[in-house]
Amino acid sequence: MPYIVLSLIKTLIVVLILMHTLAYLQWVERKVIAHVQLRVGPRRVGPHGLLQPLADVIKLITKEDMLPSHVNKPFYFLAPFLAVLFALIPMCLIPYGGDINVFGIHTTMQVTDVSVGILLVLGLSGMGVYGVALAGWASNNKYSLMGGLRSSAQMISYELPMAMAIAAPLLILNTLSFRHMVDAQAGFYFGFIPKWSIFQGPFPQIFSFILFVIAGFAETNRVPFDLPEAENELVAGFHTEYSSMKFAAFFMAEYANMVTVSCIATLLFLGGWHPLWPAAYGSSFLPTLIFGITALVCFSHAVNPARPFDRITLPVFGVLFLIIAGVYLVPPVQQILMPLFWFGAKAGGILFVFIWIRATLPRFRYDQLMHFAWTFMFPAALINLFFTSLLVALT
Amino acid sequence: MDAVLFLVFAVISVACAVNLVLQRHPIASALSLVGVMGSLAFVYLQLGGEFIAAAQLVVYAGAIMVLFVFVIMLLNEGKERKQKMKLWVRWAGVPLLFAFFALMALIVQAILPPQANVKFGSFTAGNAADIGDKLFTRYLLPFEVTSVLILIAIVGAIVLARKELD
Amino acid sequence: MQLWLIPLLPLAGFAINGLFGRRLPKAVINLVAVGSVLLSFLWVLKTLSSLGAFSGGLENRYFEHYYTWIQSGSLNIGIDFAVDRLTAVWLMIVTGVGLLIHIYAVGYMAHEGGYYRFFAYLNLFMFFMLVLVLGANYLLMFVGWEGVGLCSYLLIGFYFLEKFATDAGNKAFIVNRIGDFGFSLAVFLIVSHFGSSDFATVFSKVKDLPVEPTAGWITAICLLLLVGATGKSAQIPLYVWLPDAMAGPTPVSALIHAATMVTAGIYMIARSSPLFLHSTSALQIVAYIGIATAFFAATIGLAQTDIKKVFAYSTVSQLGYMFVGLGVGAFSAGVWHVMTHAFFKALLFLGAGSVIHALSGEQDLRKMGGLAKKIPITCITLFCAGVAIAGVPPFSGHYSKDAILEAAYLQTPWIYWVGVFTAGMTAFYVFRALFLCFFGEYRGEPESKHNGHGHDDHGHGHGGIHESPPSMWIPLAILALLSLGGGFINIPKFLEPIFPLAEGAVPEWLGYISIAAGLGGIALAWLFYIAAPGIPESLAKTFSAPYNWIYNKYYVDELYDNVVVEPMMDGSRELLWQVADVRVIDGAVNGAGTVARAAGRLLRLAQNGYIRDYAGWVVAGSILIVAYMGLRGMF
Amino acid sequence: MPFPYWVVGVPLSWYLILSAVLFSLGVAGFLFRRNVITVFMSIELMLNAVNLSFVAFSYKLGQNDGHIFSFFVMVVAAAEAAVGLAIILTVFKNRHTLEIDEVSSLRN
């Protein structure tokens, strides 16, 4: 009985956090790209455009939902739903931290722990293809169809190297459940090198990590693999014919997939919520340090503001950051928050790489994409898997 | 509780299957088949087949059906034209079908007393470790043979589907 | 002890020569062929000496098992070799004489086509013969048996361009089939009765059985074995193939059809002596067949004009002697005669071959004469062989033949007398041949140049009568020594552990009688063909009817043709072909075809090419199955 | 008061009946549909039904061989799908139809 309630609560929390994450991820992306390209980025809505996501949401909701006349209605409606569905389901399999005790209830920071979680995630993300493909096909438009076919082909072909890149660390971690694989990465060599799978013997999984991230880019149709929505070739790819909320759904799905991929990368390769160096060397004071420094930066900027309203906003942020920093010092809360911090830090780092790359790299040509998948990614993953299994077998 | 879960997914799968048969559009059939597979995956989970459930999603729903959808889109044949069936099919088909089904149900009831209950989680041998263990010890030869079969299938598919060099 | 090495060496030689011989130079072929036989001969020597065969050892057999060949139920037949003293004798004969003949053949075949083929076959023959001798069970023996048959077929038909050669080959093969049929039936009987084909087990089981006074299944087995033996060792009624077998090259005649293969029958009977000893009637039949063969073959030999035919018939008759020896229970004597006969008969053939060689292929005695001075070595050696076969003491033939005859005398005296008479005839016709060949004046065309003529198609260019090369006359010399001194190798003593010596003393005058017969024969020959050459013709004229009978070999071939071959061919043509084949078999086949076509015409209605209809049928069928299972499951 | 048996747990026969239903539906699709691809998908449906019964029986027998069998079934189905779809593509290329009854060159 408490199980169900507990799951509901956890689901609620996850959904809330996830939604905000997605919304603000987009803001972050715009900001980062802007700064990479020496622009300012959104700044009208709210301080530093912090309310931009909200504005976008409102815009998307209130926009006219126009339904093209030539589409194949049921599938046209079904497509974005599928896309979001299969993008969000994996979230409930991902653990964000270890066990916790809240108000005497002992539970895990995870909606549900399936013993074959990684496989399920693979399957579900693979089914994300349907949304895209169906959208492309249902909207009865050659650009959309092109986009849909491209994306399905691309996803299928990149699923192989991804699966193989996943298989390699699994050989070392020797489990399929996320929780256990994170536990298998606990501890340190010589007391300071973390036992994450990218460092872990017998064969450090750095290569498979790189392969996985690349394949992840392709899976999520991100630059440089965003062929399905190559503006200059096919107007907007599979969601050409979609507007307002349905478009938003695809958008959300894409970001959700990004989050999923980075979470899985964190769990598989970066040791989940385990700290970069042992708490004995004060790793648990890192968040306090970071947030403190951030607060100080805010205050220092507030002294001589670049923009008039910075005089008000920056101190507010500084105070907020200080509060957060303080919260991280409270032992019980710290015991809850530290894993979240590390997890978020790692996942955020990978997400940042996503954005960074998008700001940096041009787009592949389609044949190059496939060529890359089958002639580099696949053999590389295969060789990597081979060596890993060889070394595992030898030890 | 188990019964409820089972009934939910059973109903979904049957509905999807019926839809598969009745829909005149291949895409619709394909999607409903995906539905069947998904719900069957959960039924497997209930029966303790975690690995099989995952494999069902990955292999069937994730790969095979994607292939189907892909091909359907590629050909883009549109709806199946209505056309009057052959006589015996029209008259004998459905009764035959139901006779078939009734017989199967009859046998099931005959060989399995309804008291054999399935409790979720009471069967644990279905996890990946055990399956893999058995797969690579006792069923090693079939496993390898299937891999060869897959290879042959790939080659055959390529040979069949590639453009004739003219 | 690695017995397997003995037969395997010739097999290796066969493989090399048979596969690559076409490309190999002659020197290499000779090396391989002779070398392999030489090696196996040496290996035999080593094996036997280490088994103590030469030093009174090898009392009971030495056995080697290699692997289980056939295993079904209780029957368990293995590939395993065994050596006992009997085998030892044969091993020595086969490899020793075989070696000499190989060496001889190097010179003899020097100008022949298909050189590598010849030696490949020869080596193959050695292999099979050794398997036959070494095999420790009837089945393995049968393998060797068939194998030597095959090789003899191949080698008789060696000049496959000549019709008569291939015919002779076919004749030999077919006639041998009859014998082999008997042998195989015998093997089946043995297996079914003794549950095994191993010599050891079979004989140990036989020991407990009573001797069959009249007839029983042991007799049946023995008679069937005898059929096989008559086939292989050219006894009445199956001897007809051997004279024709002379169509093969002379070394073949010497090796296969005089020294070794034809004695396989003797070996087989000697090997199965425990069986034969349990069936008196079978033994008697062996003796009768032997003596009859010896006599008739000798009479035929009197009038032959082809030198090889003469020796062929003498072979037949000598084999008859051996059968007599076996039949009267003096197995060791028979074996002894096998050995001595191997020596002098091989020598005779090789000498004849050397003569033919010298005359560039001439085989007709009437075209020879006065060759003594031209080819002295051949002449001398041939005369050694002659005195040996004539039974003149102290030469080999005398001892072995006398051993047989005395044993015969102890058992059934009249066989002895016939045997002695035959011995006289033997001496007569052998020396007739020799005198015709070597004395008197040369009757052939001067410096005969007709190459490629005559039976032994011997097409080498250098005409003129010339002595053979050393590779030919050295074996002759060795064989001559052996056939002179071979009598002192006391085989019966050697074989005592297997065949206990026959007790009972014989009056010593018997020996003189046989010697007298031999000398008499020689004297008669001298009288007829040197002193008064006119006598034979006049005799032939006066006794023309019997002379023609003998000259035409009692018309046996014609008899067989009319009685067996013709009816069979007619029957096949008229009955089997016209009726059985055309009507019954073809009718059945065509009928089946029409029926199938009709059925197909019906079934085609179901095959309407609509996949879903097929599926419907499948579903209907599965419904039926499911219904059946359901009903079975419920009730 | 005692619960009815299906509250305590699901009777195994239900799973088998479910698989029977799915199988019969697959048969129906195979028989009634004319689109080659749909027919093909009906076959896949039948395979799934069989897999379900495999898994159910392996539950009953308490060993996971059934799972392995169904795993093999999946693999073979994958191979079959690859080849079959390739065949369908070629057929469509040559005949420009997916009507299974128009692909009846077996006839006569």
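When the chains are written out, they are named A, B, C and D in that same order, and each has its own residue count from 1.
To be clear about the criterion, a contact is a pair of C-beta atoms (placed from the backbone, for glycine too) under 8 Å apart; a residue touches a chain by one contact, two chains touch by 3 or more.
In this text the structure is predicted, and so the values were computed from the model without any measurement.
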Chains touching both chain A and chain B, listed by label: none
Inter-centroid spacing, chain C versus chain B (mean Cα positions, whole Å): 74
Between chain D and chain A, distance of the C-alpha-averaged centres to the nearest whole Å: 36
Computed distance of Cα centres, chain D from chain C, in Å: 72
Inter-centroid spacing, chain C versus chain A (mean Cα positions, whole Å): 93
Where chain C touches two or more other chains, by residue: 610, 612, 616, 619
Multi-chain contact residues (two or more partners), chain A: none
Where chain D touches two or more other chains at once, by residue number: 27, 31, 34
Touching pairs - complete list by chain label: A-B, B-C, B-D, C-D
Sites on chain A touched by chain B in the complex: 74-75, 78, 114-116, 119-120, 122-124, 126-127, 129-130, 133-134, 136-137, 145, 148-149, 152-153, 155-156, 159, 176
Complex contact set, residues of chain C against chain B: 610, 612-613, 616, 619-620, 622-623, 626-627, 629-630, 633-634
Chain D to chain C touching residues, read off their complex: 27, 30-31, 34, 39, 100-101, 103-108
Chain B to chain D touching residues, read off their complex: 2-3, 6, 10, 13-14, 17-18, 20-21, 26, 29-30, 33, 36-37, 40, 43-44, 46-49, 51-52, 55-56, 59-60, 63-64, 67-68, 71-72, 74-75, 77, 80-81, 83, 85, 89, 93-94, 97-98, 100-101, 104-105, 108-109, 112-119, 123, 125-126, 130-131, 134-135, 139, 142-143, 146, 149-150, 152-154, 156-158, 160-161
Chain D-facing residues of chain C, complex: 607-612, 615-616, 619
